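Questions regarding the structure given below will be posed in turn.
Chain lettering (A, B, C and D) follows the sequence in which the chains are written, and residue indices restart at 1 in each chain.
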Amino acid sequence: MIRFIRVTKEYASGAAIEDVSLDIGKGEFVFLTGHSGSGKTTTLKLIHLSERPTDGEVRVAGFSSIRTTPRDLWKLRRKVGLVFQDFRLLPGRTAMENVGFALEVTGSPPKAITPKAQRLLSQVGLASKSERPVEQLSGGERQRVAIARALATEPLVLLADEPTGNLDERATRGVMDLIWEINALGMAVVMATHDLELVRRYASARVMELDQGRLVYDSSGVDRAVTHTT
Amino acid sequence: MIRFIRVTKEYASGAAIEDVSLDIGKGEFVFLTGHSGSGKTTTLKLIHLSERPTDGEVRVAGFSSIRTTPRDLWKLRRKVGLVFQDFRLLPGRTAMENVGFALEVTGSPPKAITPKAQRLLSQVGLASKSERPVEQLSGGERQRVAIARALATEPLVLLADEPTGNLDERATRGVMDLIWEINALGMAVVMATHDLELVRRYASARVMELDQGRLVYDSSGVDRAVTHTT
Amino acid sequence: MQSPTLREALAALRRAPLLTGLSAGMVALALFVAGLFGTVTHNLQVALQSVEDRVAVVAYLDDGAGPAPIDRAVADLEARDDVREVRYVSQDRALEIARAELPELAELGAGLAENPFPASLEIVLQDGGADPDAIAVVAQAAAAIPIVEDVQYGQEWVDRLHALRRLTGVAVMVIGAAFAVVGALIIGTAIRIAIFARRDEIYIMRLVGAKDAFIRRPFLLEGAFTGVVGGAAATGLTWLTYQTLHRFLEDLSWIPSTWVVGGIAAGGFFGMLASAVAVRRHLREV
Amino acid sequence: MQSPTLREALAALRRAPLLTGLSAGMVALALFVAGLFGTVTHNLQVALQSVEDRVAVVAYLDDGAGPAPIDRAVADLEARDDVREVRYVSQDRALEIARAELPELAELGAGLAENPFPASLEIVLQDGGADPDAIAVVAQAAAAIPIVEDVQYGQEWVDRLHALRRLTGVAVMVIGAAFAVVGALIIGTAIRIAIFARRDEIYIMRLVGAKDAFIRRPFLLEGAFTGVVGGAAATGLTWLTYQTLHRFLEDLSWIPSTWVVGGIAAGGFFGMLASAVAVRRHLREV
């Protein structure tokens, strides 16, 4: 599903990712941990090709960082759900519209859009606020809208950057359970987080740790087999 | 220092804060907790008067929400340091410039600005990245720039909205120690957080809990005396 | 739900009415300038035409020519395709005209033993006849008539008019082109700024998996809308200016309505085009 | 560190050169239109002036007037404050002129027993003398000279010229005002959009405790800068257009340099003012 082949990403200021190779299979659940600035966000950006590696190759759902042209990026993006560290919702639109937009863009039948978006928003606990412009939502509420949007298109891979950074324990549990459930149905998940508590709680997930751009730990070691338990 | 007198804040969609009275003294350290959407951010906004109460009165450092005109807001703002849930750094500028800007605005002598900003950035662990435009910083790095900026002007009150939401354990400890230290010198701190771990660790701080806009718990109870231990 | 394109365009209008309004206003102003220029050009054309209409070949007649041969000469000349009208000017009338046009001649008059002005035929050519060659042909035909003593056709005037036509032609083209470029740049700029203000949004749309065409379409619609609204407003402004001027300059005439319709349509088309260019460029940059 | 105002303004330019460039470009275009209008207005003035210069009172002399009284009459009239020049036109010269101006008279000539045109004095008035009343005074003075038989001053022409002056005055004012408003709106709009694109920044500055004046100053500087750069660019564009037209219209003259300097200064001042208005409004809204 996701494969990094000796990937390096250099910024003007230095390498954010250095010589990382990894392989994430269909339906795997991976926690990406590491200190602030270790390269978690950069790794996720490389996966959905909003950054291209300066060296090496990234392959995701059949798309290669070497061959995919900017014109074709949308095809990849429809297979990848994104939750950003800074939410990135469309301003001036309601929670509903933000989720609906992702569905529309990916060509859902117009009739199915509203009920589906509504269902997702209920699942993240925002049913009552679905008609609220996102500017009028609290930080945690926005984050949940972002999660609902990412899940809306039933992606093959979910990339989530600190999706629980603004959530309290209850909301975190709700969101995690939802993602865990969908993951069980076959969606791969890569979640960047520094909440070690969370990592410990979902102990059956695979854990990768980055340090200064290098992959320093991978719980599945040499053996890449997936053990998924609910 | 901070006093809410039966404060209510109604939005079109309902009350975000309802009939809250509180009193925070000089040099107090307060954790503001509560579920997502319970009104933590709104409370902080009311304190620095970027929102005005629809009912009741907010008094902060000698300024009243009833009498302070928009023209005079800057005077209040210079006494209040702010760390936002979404950072709110000035785009296109370096970490250094962001911190320096706050100092400049508040009338620091030009010569003192650079060394002071540099010192603050070192304290949050960003010495080596001070000349980097903030767009090129990771989430946690941005958050620390925001914290350095808020502390730069030596405010009477520090308002911090989930200041550790994007920080790993190590960075969290660094930042908390810094804030705790400055608090010991007399700066009041109101920190909204849902990290109960953090609240437990700094057990000597006062804790207030909001639920659906109401103040449902205050650890200092009737007795408003401050017990500060390091 | 309505069509996504329409909805997005409306959403943009709803979210940033100021921005859309300002863009439309800017386009209106640019097109207003074009409208004023159009009015000037149109009136220049009208004025030139009326001067051209006065271009005539004058055939001076023998002093002794009788009414019958004169009538025949008139009829012969009027039968020609390239002649619109032939006017007979008697000796007396010629003197009168001369007196009115040259103050010095007012002194003349009864004092003269004999009227020194000959009778003449003024031959007005068909439209577009100000071409020197066409005039020469008519002049030759007139000279061939026996009672015609001499033919004059204001060589100097014809040449001058021709020069004027060329000149105004060039001026209209140069200034018109300048205005067109200005208008184009203003519309393009307004839309680039509108897009600039919405760059985050475009970026998010791409991340969510929107095709470029999907992102582009609402902007095109918005551009066309802006152009049409701007064009209509420009027409209104031009009309107001025209009305104000008309009070003082009664000769002023309103531009042909085809120009108005064409202008508004061009505004719409152009707004769309400018949007397309701006979005394409922006999408390439992100 | 440099002055915060200058640094902030430069920072804006550095961070969003596109936006600043576009604003300056828009201002340049607006002022370019003003420049073209200025060129037209200026040349209209020049043309009117040259027509006015031709307004003269003509005093027809007795046929028998000798050289001495004529010289005295010329000297007397030239001594007047409101007279610029007096030209003597002999009988022969009058006939020559008449022949050149009226083709019909070409037929005359040797055939005439006696030259029917009287000699005359053409009295050219001082600048601004086209006022009908002023002309009447000079005409009376001329009529009082014994050898003067009659005085003419093209009543019709003077009236027409007066009407034309009034007309162009109105037209220049109306169209000029329209252009000024257009320019003002474009500059204001460009700067409002620039501010709109930076609203987050302004908001953050306020939260950090910046005084309104502190926030406003860089925008004012930026506005002034935009205005001056726009004005200079507009001058360049106008000059290019002028050069192009000049090749065909040799009579065209370049606008006075005071206008150019004034225009650029006005652009700067105006850019600043527009910024001030836009920022003030924006700060009130936030």
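Keep in mind that, in the parts below, contacts are C-beta pairs under 8 Å (C-beta built on N, C-alpha and C of every residue); 3 or more make two chains touch, one makes a residue touch a chain.
Remember, predicted model here, so these are calculated numbers, not experimental data.
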Neighbouring chains shared between subunit C and subunit D, ordered by label: none
With centres defined by CA atoms only, which chain is the most remote from subunit C? B
Please compute the C-alpha centroid of subunit A, do the same for subunit B, then give the distance between them in whole Å. 30
Whole-Å gap separating subunit B and subunit D, where each centre is the average of the chain's CA atoms: 62
Averaging over Cα atoms per chain, report the distance between subunit A and subunit D in Å. 67
Send over the residues of subunit D in touch with two or more other chains. 16
What topology does the chain contact graph adopt: line, ring, star, complete, or other? ring
Under the stated touch criterion, can you name all the chain pairs that qualify? A-B, A-C, B-D, C-D
Taking the touch rule as given, give the residues of subunit B at its contact with subunit A in the complex, in rising order. 11-13, 33-37, 40-42, 85-86, 129, 132, 136-141, 144, 161-162, 165-171, 194, 196-197
In their shared complex, at which residues does subunit A touch subunit C? 48, 50, 71, 73-75, 77-78, 82, 88-93, 97, 100-102, 104-106, 110, 113-114, 149, 153
Touching residues of subunit C toward subunit D in the complex: what are they? 16, 18-19, 22, 25-26, 29-30, 32-33, 36, 58, 60, 94, 98, 101-108, 111-113, 116-118, 120, 150, 152, 154, 166-167, 170-171, 174-175, 178-179, 182, 185-186, 189-190, 192-194, 196-197, 237, 241, 244-245, 248-249
Tell me, which parts of subunit C touch subunit A in their complex? 1, 4, 11, 14-16, 200-201, 204-212, 214
